[in-house]
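Next up: the structures, one after another.
What follows is a pair of complexes built around subunit A, which joins subunit B in one and subunit C in the other.
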Partner chain A sequence: MNDQNKSGSFWKRNTPGILVAVGLLAVYLILHFWIQGFEIGGNKYQLNKYYTLNIYLMGMNIILAVSLNLVCGITGQLALGHAGFMAVGAYTSAVCTMKLGLPFAVGLLAGGLVAAVMGIIIGLPTLRLKGDYLAIATLGMGEIIRVILINIDYVGGASGLSPIPKLTNWTWIFFITVGTVLFVKNFINSTYGRACISVREDEIAAETMGINSTRYKTMAFCFGAFFAGVAGGLYAHNFFIIQPNLFNFFKSFEYLVMVVLGGLGSLTGSVLAASGLTVVNLALQNVPDLRMVVYSLVLITVMLFRPGGLMGTKELTFSIFKLNKKRGGDRGTSGN
Partner chain B sequence: MEILIQQLINGIALGSIYALIALGYTMVYGIIQLINFAHGDIYMVGAFVAFFLISIFHLPFFAALIIAMLACSLLGVIIERVAYKPLRNQNRLTALITAIGVSFFLEYTMMYFVKPDPRAFPASFKLHNITIGNVVISSKDILILIISFTLMLILTYIVNRTKTGKSMRAVSFDKDAAQLMGIDVNKTISATFAIGSSLAAAAGVLVGMYYGQIDPLMGIMPGLKAFIAAVIGGIGIIPGAAFGGLILGVTEALVSGAGYSMLRDAVAFVVLILILIIKPTGILGKNIREKV
Partner chain C sequence: MALLEIKNVGISFGGLRAVDKCNIVLEKGELIGLIGPNGAGKTTVFNMLTGVYLPTEGDIIFEGKSIVGLKPYNITERGIARTFQNIRLFKDLTVLDNVKIPYHMHAKHGVISSVLRLPAFFKGEQEITEKALECLEVFGLSDKKDELSRNLPYGQQRRLEIARALAAKPRLLLLDEPAAGMNPQETHDLMELIYWIRDKFDLTILLIEHDMSLVMGVCERIYVLDYGKIIAEGTPDEIKTNPKVIEAYLGKEVHV
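Now for the complex of A and B:
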């Protein structure tokens, strides 16, 4: 939405942006009417409920993958507790709408904010750790959140919280997804984003250049947690019931696979991988046992043969369609 | 008082299991700086191998234990060769993600073949309970203690007194220098994986015997906890792993004994985070300054 206003007067310079905006709007409208159902010449066309659900899931997966990419890919901190933040957001927003009777938007925002605060609380001590230790500590934090939720009776304990009103619809999913991607894209290209990338590339060198690495790591972690919380809110209001055990280590792992597959540090890669894996999931629905086997094999194979993920740190831009190198090429800050 | 002693005994039995798994973690970490996430699943595979040997081939318990250990050491070496070796010079994150992938692969392949339901591990012993006052010590507890301490003694002997052990220590100290001195680094790393995996398999068989039930996802939690144990003791330090395992086991048993068994898993992670914040090198670890 935002980029449409900005680009209105500069048709020529902003052709790619306008094309994307128009494309997205078209996708939104088509799917909006398809999900609602429409009639042409007496025939009613409506997208089947199951596919609708998967389109919603695709949106949530994109939000979660992109926000995890901000932490893992852009800032280079391997965090394995993303599902924990999702759980915090899901529970907070569900409590807001169910028990406090607040509107959905407030619930989502509250879910995101509480998750972000959790992100700071968790991030400040753990982000001093490096690599493997950070991975384990965040995994532990995710598990602690889950165990704590199991032990709170106010939100239903292990049996879960229900009935959550079904408020998530295509409009919410679409605009929040697009908003998240836009936010992260602008974040990467901002001073903060560049500082985060420098922390990923070489923390000691970044510190030497006067970048407060803890601050930027915590910032990325906090934003990642915020979007995970919002996605959790969408998730909760789509499925009627949430249980702490839905948000276990496996869930975090699924998003990690999306980020890694798309390329650590590539935004378009995450979006593509999240959408692609949702479709793969749909295709493997009949063989649920094999789903995780396929997932793990994909992960191992990608790591062995393309350790940077399918897209590496590159972005899919319009520069692949035209030869002039105005936009492409300058994105790969890593320079290798 | 009796409850406390009873919990201590349970804690030590549980702790020695953690210690056995933690030893493998710490050895692998010491030598290639990789958290082998698949280690907990090797423990699960070990339990299943023993399960099939005992229930289908009716082997005695000790024969099953030894065959499971051998099978898992082979599995560990294969995993290292296929999944970790090509990534040895890559970013450490890459290897870590691969390790997570291997872990899930083992879990879900096993689940595909044996179905997710828990299975009863065949009891191959007559139980004798020794009662002192109100404290019950079962023969299972004693067996776990004897086997795990024997294995730890053997490990200490291998690491400190044999040529393989010497080369393992050399490689973990400085890989390049070790190579220049004529040590076959690949072989040494394989040996480390073999020894670590066989210890994990032994732990798996002992747990199957102790709790009487196994399932394909049984390795996740003990695997993570054993890693915590390794961190508590100081990762890369072999006595530290044994020590950390016992501490963690006793802590958990005391927490469950105090009536908070629901919070048991959370407590282990809280301990981990406290250790990481207060003394990241672990209780027995030395501070090493990072060099640029």
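Now for the complex of A and C:
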């Protein structure tokens, strides 16, 4: 294996990675100019605001689904409080930019970090619970965050926080989404990711093999909360106003649906499901009466025919294009 | 100094006294058997040794230090590894990944270098992969390295579990019914494997077994557990003729 790696040029070895990078860059540039608007022969082309918004939403959904997958799919802890961490990130970053006048990047980072700290504080006591008990405890924690926000007058209470400057743009969304997917991919394909997976597979066996299960559960929870917080920051700076009730239980559930639909433990599955469901939602806006009916039917159909989710626990890799025949080689990850 | 000393250890689950005043001493390099009828408390002893259960009384001294109250992963770090009665492999992971997991304890690269793919990550992962491959080679599982462990035949799953336990670099290995479900030929191979790993890895081995041919064949000393109490201790020949042991297994003779 080692010899194989050393032979061949740098380009040949990294073909899948380079293809993905080039593809992503192309997507970024095309959408960048399309959203900004460009002129060819006197005709102005610009993506309308509504589609632009949905592309932003797709990015945020991918961040949230992938980060939740790290907790639910990879580490196997059924946590339902993801919207709570999103709320913490949204409010923290909004306060940073609005009230403290800090730059957007600092706001996003602060949102992520505060959410991550909340993740540790909530994770340490609740992650001792298993399965459905953990689900209920984290559900409760998410609701507590929401209720606390309603009662803080500094951030506007139930009527919400506004006006939040509109700072989220395509560049921020794109690079943070790609960064999140890359982070989680690198994490799970390392010895730390294997430690998390071993906890999912068999906690007792993992512990007797020297894996500190509480540590890795909390680590996954903390990273998941961080990215949810960052996505919350992007969300807040896109919509002018945020209210505590936006981040209720149904919001958490929406992301869980994406993760399960894509396949617990499959990153590319989460990315596909998050993008796909955003598109389905978009397509159904024109038929408001049937929207939830068709949405539910899509979910039921997928679950009937692919009970393990779209991708199961597998990843979409370049091996299907016969570029990388070696098993267990580099895993290419498709972007958004 | 003994490698492992179990001193007056006892555990109760509510009113049930599962293990009572258990005393076991293991010298370095010994191969000891722990036998007893079903429900005697053998696996409970293992669970106390590995930190899964906390003994209600008594002390367990490993290499001169008490290990009571330590978490299972701390005990593994100290040098005790085990296998399970009902195989507990990471079923959806490949054979290679199963063996890689115990090496995590000794990983030198951190989370940040893993996520950023710094040179330390490649070096660390390569080291882990090489060691894991070496370990599989020793157990003749190299050609199966990319298979999911759930797809291995039963005997190889047992082998893989032993390989995984040895990857944790223990000085004391606990084997919980390694021959369960094996045919005589497989049991014979296992016997040789146990001798061989003890010499190669310089191990002390404590094994629970129901297969008497295996226990009598490989063990230098045997402890017999019945209703949570050690009722006999000695060489295989002594145990075979011990009236208390015969009584525990077969019942008392009745004179009418």
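The working rule: the second predicted complex is superposed on the first by the 294 of 336 C-alpha atoms of A that agree within 3 Å, B and C clash if a C-alpha of one lies under 4 Å from a C-alpha of the other, contacts with A are read in each partner's own complex, and residues count from 1 in each chain.
We adopt the following convention: a residue touches a chain if its C-beta (ideal position, glycine included) is under 8 Å from a C-beta of that chain, and two chains touch if they have at least 3 such contacts.
This one's a predicted model, so the numbers in the text were calculated from it and none came from an experiment.
Chemist: Is A:266 in contact with subunit B, with subunit C, with both, or with neither (first, second, both, neither)?
Modeler: neither
Chemist: Thinking of the overlay built on chain A, is A:303 touched by subunit B (first), by subunit C (second), by both, or by neither?
Modeler: first
Chemist: Mind working out whether A:54 is in touch with subunit B, subunit C, both or neither, as first, second, both or neither?
Modeler: A:54: touches no partner chain.
Chemist: Under the stated touch criterion, which partner chain does A:238 make contact with: subunit B (first), subunit C (second), both, or neither?
Modeler: A:238 contacts neither subunit B nor subunit C.
Chemist: Name the contact category of A:204: first (subunit B only), second (subunit C only), both, or neither.
Modeler: both
Chemist: Does subunit B (first) or subunit C (second) touch A:194, or do both, or does neither?
Modeler: second
Chemist: Touch test for A:93: subunit B only (first), subunit C only (second), both, or neither?
Modeler: Neither partner.
Chemist: Of the two partner chains, subunit B (first) and subunit C (second), which one does A:168 touch, if any: first, second, both, or neither?
Modeler: Neither partner.
Chemist: Using the superposition on chain A as set up above, list the residues of subunit A that contact both subunit B and subunit C.
Modeler: 204
Chemist: Enumerate the contact residues on subunit C facing subunit A in the complex.
Modeler: Where subunit C meets subunit A, its residues are 50-52, 71-73, 76-77, 81-82, 84, 88-94, 96-97, 100-105, 107, 109, 111, 114-117, 121, 124-126, 128, 146, 164-165, 168.
Chemist: Contact residues on subunit B for subunit A in the complex?
Modeler: Listed in rising order, the residues are 33-35, 83, 86-87, 90-94, 96-98, 100-105, 107-109, 111-112, 220, 224, 227-228, 231, 262-263, 265-266, 268-270, 272-273, 276-277, 280, 290, 292.
Chemist: Along subunit A, where are the residues that touch subunit B in the complex?
Modeler: Going through subunit A, the ones touching subunit B are 76, 78, 125-126, 128-129, 131-133, 135-137, 139-141, 143-144, 147-148, 150-151, 204, 249, 253, 256, 260, 264, 289-290, 292-293, 295-297, 299-300, 303-304, 307.
Chemist: Per the contact definition, I'd like the list of subunit A residues that touch subunit C in the complex.
Modeler: That would be residues 2, 183, 186-187, 190-195, 197-198, 201-202, 204-213, 219, 313, 327-328 of subunit A.
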